[in-house]
Amino acid sequence: MMKLFSKILIIGAVLLFSTALYAAEKKPVLNAGDTAWMLTSALLVLMMSIPGVALFYGGLVGRKNIVSTVTQTFTIACIVTITWYVLGYSITFTEGTYNSIVGGFSKAFLNGIGVAALQGTIPETVFVIYQLTFAIITAALICGAVVERINFGALFFFIILWSILVYAPIGHMVWGGGYLAEKGVLDFAGGTVVHINSGVAALVAAIVLGKRKSPVRPNNVVLSLIGGSLLWVGWFGFNAGSAVAANGTAGMAMLVTQVATATAALAWMILEWFSSEKKPSLLGILSGAIAGLVAITPAAGFVTPSGAFFIGLAAGIICYFACTKIKKALGYDDSLDVFGIHGVGGIVGAILTGVFAVKAVGGASGMIEGNGGQVTLQFLGVIVTVAYTAIMTYIILKFVGLFTKLRASDEQERAGLDLSQHGEQVS
Amino acid sequence: MMKLFSKILIIGAVLLFSTALYAAEKKPVLNAGDTAWMLTSALLVLMMSIPGVALFYGGLVGRKNIVSTVTQTFTIACIVTITWYVLGYSITFTEGTYNSIVGGFSKAFLNGIGVAALQGTIPETVFVIYQLTFAIITAALICGAVVERINFGALFFFIILWSILVYAPIGHMVWGGGYLAEKGVLDFAGGTVVHINSGVAALVAAIVLGKRKSPVRPNNVVLSLIGGSLLWVGWFGFNAGSAVAANGTAGMAMLVTQVATATAALAWMILEWFSSEKKPSLLGILSGAIAGLVAITPAAGFVTPSGAFFIGLAAGIICYFACTKIKKALGYDDSLDVFGIHGVGGIVGAILTGVFAVKAVGGASGMIEGNGGQVTLQFLGVIVTVAYTAIMTYIILKFVGLFTKLRASDEQERAGLDLSQHGEQVS
Amino acid sequence: MMKLFSKILIIGAVLLFSTALYAAEKKPVLNAGDTAWMLTSALLVLMMSIPGVALFYGGLVGRKNIVSTVTQTFTIACIVTITWYVLGYSITFTEGTYNSIVGGFSKAFLNGIGVAALQGTIPETVFVIYQLTFAIITAALICGAVVERINFGALFFFIILWSILVYAPIGHMVWGGGYLAEKGVLDFAGGTVVHINSGVAALVAAIVLGKRKSPVRPNNVVLSLIGGSLLWVGWFGFNAGSAVAANGTAGMAMLVTQVATATAALAWMILEWFSSEKKPSLLGILSGAIAGLVAITPAAGFVTPSGAFFIGLAAGIICYFACTKIKKALGYDDSLDVFGIHGVGGIVGAILTGVFAVKAVGGASGMIEGNGGQVTLQFLGVIVTVAYTAIMTYIILKFVGLFTKLRASDEQERAGLDLSQHGEQVS
Amino acid sequence: MVYEGSSMKLITAIVKPEQADNVKRALSKIGVHGLTMTEVKGYGRQKGHTEFYRGSEYEVAFLPKTKLEVAVSSKNFKKVLDTIQKTAKTGKIGDGKIFVTSLSAVVRIRTGEKGEKAI
Amino acid sequence: MVYEGSSMKLITAIVKPEQADNVKRALSKIGVHGLTMTEVKGYGRQKGHTEFYRGSEYEVAFLPKTKLEVAVSSKNFKKVLDTIQKTAKTGKIGDGKIFVTSLSAVVRIRTGEKGEKAI
Amino acid sequence: MVYEGSSMKLITAIVKPEQADNVKRALSKIGVHGLTMTEVKGYGRQKGHTEFYRGSEYEVAFLPKTKLEVAVSSKNFKKVLDTIQKTAKTGKIGDGKIFVTSLSAVVRIRTGEKGEKAI
C-alpha cells in the first residue's frame, strides 16, 4: 500500500509539475517584460503623432499656417481616440457578421475589457491603446496633403467618418482576421493599413480640394527636423512594437528599421547632391529617412539587415523621383507629399516584403527564397487597399461637402488659417 | 525503512517545491519586466518637466521672458534633485516620529540604499528616482503662476524650502503611510500630491506677488504644442507607472488616461467654438488635454474607460469655465492658469474618483457602486491638502521675502526677465 | 524493485528539476524584461543624437548656420548606421587577429546574426543597435567644434573614416575585449569611448580647421534647452542601459546619474552667479548638466549617490573653468566647447571613477576603499585614448584634405552654411 | 551741397504683404531694378482684430504690411508711382499709402557714383 | 510735378518699444487714424549691454526700438508732433528722436486719391 | 514752421548685413553717437537665388540687407556720408545705396530739444 501510495504520489507530483509547465505554455499568462515593452511602444507611437507628425508638417507649411497645421494633428489624436473607444476597436478586432471586411460591435465602448483580460502575453488594455495609436497616426498623416486650405470643421467631420469607415475595415482585413489576413498578405507593422491607406486618402483629398493659391517655401525646416527625428525614434515602437513582445523578432525589427532608414535617407540626399540642385538638403535627408521608415514597415519582421538595405535603397530612390519628378508631371497639389512618401513608399515596401522575406527571420519566404507567389499576394494587398480607400475617401469627402465647405474661403486662405480659423498666430 | 525514507523524500521534494513557489510569492523578488517599465516611467516623468513643462510654459509667456521661464523649470529640476537626495526621499518614505505628517531621517542622503534593495518587485533606487520626478514636476508647475515677474533668486530659495516643507509632508500623508493614507483617501497617481498641491501653491504665490504690469499674448503656441504633447506622452509614465509594475493595472491606467484626455480636450475646444470667440484654438485644445490628464490622475487605477470619459468631460467643462470666466471675475493673475487647470482639475478628479471607482478595476468602490462615503473621504483629502499647502506656501513666501525681493524690479520686468535676470535673449 | 524504482523516480524528478534550474542559470536565456529595457535604451540613445545633440548645437550657432548644424548631426546618424552595418560592429565586437587593438571581420554586414542569437539575456540584434547608437552620438558630438565653417562634403568623408578607424578600435579596446579591457580600466557607460574620444577629436579638428571668421552669440538657447533636456532624459538609456539588464545596477546607474547631473548643473550656475557676469544663465546650467552627465558616465555602475555628488561637483567646477577661462587663454576655437565639456568632463569622470568606485555597488574598489592603483589604471585609459584619437584624427583630416577642402570658402562662411551648402534657410 | 536741387524722389509704399510680389514683378517689367523691402505693421481705417487666449482678450491693432522703397529719377517718377498704385491695389480697405519725398542725394556704395547714375 | 509745394509732413519717431502703445492710443484720440510701425534697433547715448555665453562676451550695441511713421497734413502737424513727444517720453535716457521730412506727395492706393485727402 | 530751412540731413544707407558693424564702428570714431538700424530685404543688380524643397523651386528675389539711418547736422554731413560709403564698400555687387533727404525738424523726445541740438 505504502509503496503504491508513494508511487502515486511521485507520479502525481511529477504530473502536477509538468502540467503546470504545460499550462504555462498553453494558457496565456501575462509577461511583464512584454508588457513593459508594449506600454512603451504605445506611447512611442503616440509621440510619433504628437508632437512628431505635427512638427514635421508644421515646419513645412508657410508661416501663416503653422498653428493650423499642428492643431489639425493634435485634434485628430483626440477625435480618433473617441471613435476608437466608441466603435473603432470593436469593429477592427472582434468577429463580425461580415467578417471578411469588418468586425462586430461586442466591444463597443471597450465594453467588457477587464484589468485581467489578455491579448497574447500582454493586457488587452495595452493592445487597445497600442492599436489606437496606429489609428491616430494614419489619420494624422492625411492632413499633409490638404494643409493651408482645408476647412477645419470639414476636417473634423471627415476624420470621424474616415477613422470608422476606412481605417477600421482596412485594419480588420489585414490584422483583424479579415479578407487579406486570410489570403496570407504579409504586413508586419502596417505598410498597408497605415501608409498606403493614408497615402491614397491624401492623394484623393488633395485632388478633391484642389491646389493651394500660392504655396510658399517651408517656414522652418528645423521644426521638421525635430518632428522627423521623433518619427524615427518613435518608429521603433511602431515596428519593433509590432512583435507584441520583447523578443528576438522585436530586436530584428528594430535593427532592420535602422538600416533601411539610414540607407534611404542617404540615397535621397546623394541623389539631390548630384541632381541639378547640387546641394544636399536637410529636407532631402529627412524625406529619405521617412521613405525608408515607411518602406521597411511591412517588412520589419520578415527580412534580414541586408534585405533592409535594399528595401531602403529602393525606397529612397523611388520616392525621390515620385516627389520631385512624377508629382510635378501630374500636377496635383499633395502639399507635403503624403502620397509620394507614404503611398509610394508603402507600396514599394509591400511588394519588396514579398521579395526579401526570409523564412529564418519571420517564418515566411519571399521571392529570393523561391516563393514568387508572395509577391503576387502582396500586389493583391496593395490593390485592395488602394481601391477601397480611394473610393471610400472620395465618398466621405463628397458627403461632408454636403454639410460644410471643404475648403477655407479664399479670404481665409490668404490671411492664413492660423488667424482665420483658430484666431492665433506665431509672432 | 526504505519505504518511509522514500515517502519522506517525496514529501520533502514536494514541500521544497511548493515552498519555493510560496517563497517566490512572499519574499520580494526583482521582476525585470516591472523594473524595465519603471525605469522608463521615471525618465518619462522627468521628460514631462524638462522639456515638457518648460516648453508648455515657455510658449505662453511674452517674447522677453521665454528664456527666464524655461530656465526656472530646468533649475527646479536640479534643485529638487538635491533636496530629494539630502532629505526629501527620507522624510517622505520612511517612518518618522510624527508619522501621520512626516517621515524620518534614516535615509537622508539616500543612505543605505544598496544595489540589491527592493521596493516591491523593483530596485529601491528606481523607486527613489521615480518618486523624485514627481517632486520635480510638482514644484515646476508652480512657476506658471508667477512667470514674467518673480525674482529668480527668490524662486531659488522658495523651491528649496517648499520641496521640503510642503511637498514631502503631503507626499508622506498620501503615499508614505501618513494621515490621509490611513484614512483611505484614494489617489492613484498624484491628483492630490501633485496637482492640487501645485495648483494651490500657485494661486497663493500669484496673489502674494501681485499682477504682471502688462501681460502680452503667448509668443509661440507651437512651443506649447511640443510641451503639451510631451506632457501627454510622458503622463503615461506618470499614471501607468504608478502601478509600479508592468501589469493589467498599468494597462488600464494608460487606457483610461487616453480616453479622459481626449474627451477633455475636445470638450474645451468645442466650448470655445460655440462661445463668443467662435474659434477652436490650439491653446484651447491643449488646455483641455492637460485638464483631462490632471483629472484622471487620481482615478487612473480605479475607473473604467467609460468612467474616464465622464471624468474627462467634467474636467474639460469645469476647467474651461474656471480659466475663462471665474478667474476673470476674481481678478488674480495666475499667469498660466496653474490653479485653473491643476488646482481645479485636481479637485474635480479627486472627487470624481470617489464617484466612479469600480471594485473590479482597482479594488475600491465609489459612489456608483453604492459607496458614497468614498466621496466624503475624497473631500477630506482635498481639504487637508488645500489647507496645509495654502498656509505653508504663504509662510514660506513671506519668509523668503525677508531676505530677498520676491518680485523683479519694475525696470527688470519691463526689460523682460531674459535679459535682466539671465543676460540672455532669444533673437 | 518498486521501492527502488520509486526512489529512482524521485531522485530523477528532483534532479531534472534542479538541472532545469541550473541550466536556466548557465545557458543564456532571453529575458523579456531586460530586452524591453534595452530596446528602450537603444531608442533613447538615438534620441540623444536626433534630435538631442542636433538641437543642443543648433541653438548655439548663429542664425545662418542652424540648418547646417542640425543637418550634420542627422547625416552622421545615417552614415554611422551604414558603417556599423558594413564593418563597425564586427571590428568592435568580434575577436580579431590583432585583438588587443581591433576585432575581426566575421560579422561584417551583420552576417549570421539570427533572430535567436543572444548577447547575455537580450537578442544580439538589440545589442547591435544599442551599441550603434553610441557610435552615432560619439561622431555627432565632434561637429560642435567645427560648426559654421566645415565643408559638408569633407565632414561626410571624415565621419566614414573616423567611425571605422577611431571609434571601432577604441570601442574594441575598452569593451570588445581589447587592451584596456584586459588591463582592468573601468568605463561603465563610455566616458572613454564616447566622451574623451569625441572631445579630443573635436579639439584636433578645431585646431586643424582654424577659427571662425566672426562668431556670433547663440541664436536661440531655447532650442538648446530642448536638446539639453532630451540629452538628460536619454542619458538614462545611455547609463542605466549600460547595465544591459533591467536590474539593481541599472537602477543605481540611473540614480547616480541624476544626482551628479543636478549637482554639476547647479555648481556651474552658481559659479556664474558669483563671477563677474553676475547672472545665472540658461546656457550655464545646461552646460553644467551636460558636464555632470559626461563625468558620471564612466562611474555610473560603480559609485554611490554620494560619490556621484562629488563627481558632479568636480565636473561642474572644472568644466566651467575649462570652458570660460582656459579655452580663452589657449585661443583655439572649439566653437561649442566639445573639448571643454566632453573631453575635460570625460577625463574628470574617468579619474574619479578610480577614486569613488565602491565594491558593494559595482564589484570594483577605488581609492576611497584603499585601491589607489585603480586611479593609475584610469590614467592609463585616458592617455591611450587621447593619444590614439589625437593622432588618428589628425591623419584622417589631413587625408580627407587631400581630396576636398576641409573648410567652406570664405564667401560661403560669410553667407552662412545654411544657404551656401544646403540651399535652405530658416525664415 | 552739390546735390541740392536734385529732382530724384524716394517713393515709399505701404502695401499688403500679399501684393508685394505683384508690385515687384511689375516694377521689374518697367525697368526698375532696385527696391528695398521692410516688414512693417500698420494701422489705418482697416482695423486689427482681437485674439483670445484662454478667454483673455488681446487686441492686435496693427496688421502686417510691407513697405517698399524705391529711389527713382525724375523721369521715371510718374510711371513708377502709377505702376505701384495699380499693382498694389485690391480695392479692399487696407490697401495702403504711397509717400513721396525728395532725395537730395544718392550714392552707389560700390562705385561711389552719385546722383541719377547711382539709382 | 503737381504735388510740389505740398506742406504735408512725414513724422518719423524712434521710441522705446514699451511706449509705442501709449503713443498709438494718444494719436488715435486726437484723430490720427493711420500709422506705420517698424521694429528697429537703435544706438545712441543709451549704450547697449554685454551678454555672456559660457564666458565669451558678445557686445550688443543696439537696443530694440520702435519706429513710428505718421503722415500728417500741415494743419495737424504741430499737434501730432507734440503728442508723440509727450506720450513717448519717460524722461530716461534712450527715449528716442523724432525726425520730420517734407512729403512731396501722398497717394491712397485703394482709391488713387492724392494729397491731403489721401492721408 | 520755425524749422523750415533747416539743413539737417537724414542719411539712409542700405548696406550688406556683414558690413553694418564696420560702418557703425567707423561712425562712432568720427563722433556720430546716434544710429538706427533696420533689417530689410533688397533687390538690385545683385540677383537673389533659388531654393529647392523636394524639387519645388522657390525663387528668393530679395536678399537680406541692413538699413542704417543717421540724422546729421549740415556740418557733419559730408564726413559721415564719405565714412559710410568707404566702410560699407566691399567692391562686390550688392554693396547698396545711400539716400539723403532733408530733415525739416528733429526733436529729442526726452528733453524736447529741437533742431541741431537734438541730433
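To keep things simple, chains are lettered A, B, C, D, E and F as they appear, and every chain counts its residues starting from 1.
One rule holds in what follows: a residue touches a chain if its C-beta (ideal position, glycine included) is under 8 Å from a C-beta of that chain, and two chains touch if they have at least 3 such contacts.
Fair warning: this is a prediction, and the values are worked out from it, not measured in the lab.
**Q** Please give the intersection of the contact partners of chain C with those of chain F.
**A** Per touch definition, common to chain C and chain F: A, E.
**Q** Keeping to the contact definition above, tell me which chains border both chain B and chain C.
**A** A, E
**Q** Please find the path from chain B to chain F through touching chains that uses the fewest steps, and give that number.
**A** The least step count works out to 2.
**Q** For the interfaces C-E and B-E, which has the higher count of C-beta pairs in contact?
**A** When B-E is set beside C-E, the one with more contacts is C-E.
**Q** Taking the mean of the CA coordinates per chain, how far is chain D from chain F in Å?
**A** 16
**Q** If you average the CA atoms of chain A and of chain B, how far apart do the two points sit, in angstrom?
**A** Using C-alpha averages as centres, the distance is 32 Å.
**Q** State, to the nearest whole Å, the distance from the C-alpha centre of chain A to the C-alpha centre of chain F.
**A** So the centre of chain A lies 54 Å away from the centre of chain F.
**Q** Provide the list of chain C residues touching at least two other chains, using ranges where the numbers run on.
**A** 3, 6, 10, 13, 17, 31-34, 36-37, 40, 217-218, 226, 246, 277, 279, 281, 283, 423-424
**Q** Residues touching two or more other chains, restricted to chain D: which are they?
**A** Expected reply: 38, 51-53, 101-102.
**Q** Chain pairs that touch, all of them, please.
**A** Touch list across chains, by label: A-B, A-C, A-D, A-F, B-C, B-D, B-E, C-E, C-F, D-E, D-F, E-F.
**Q** Looking at the complex, which residues from chain F come into contact with chain D?
**A** 9, 13-15, 38-45, 61-62, 65, 67, 77, 81, 84-85, 88-102
**Q** Provide the residue numbers of chain F that touch chain A in the complex, in ascending order.
**A** 51-56, 58, 60
**Q** For the complex, give me every residue of chain F touching chain C.
**A** 18, 49, 51-53
**Q** Help me check something: in the complex, which residues belonging to chain E touch chain D?
**A** Checking each residue of chain E against chain D gives 1, 3, 10, 24, 33-38, 71, 101-110, 112, 118-119.
**Q** Report the residues of chain C in contact with chain F in the complex, numbered from low to high.
**A** 214, 414, 419, 423-425
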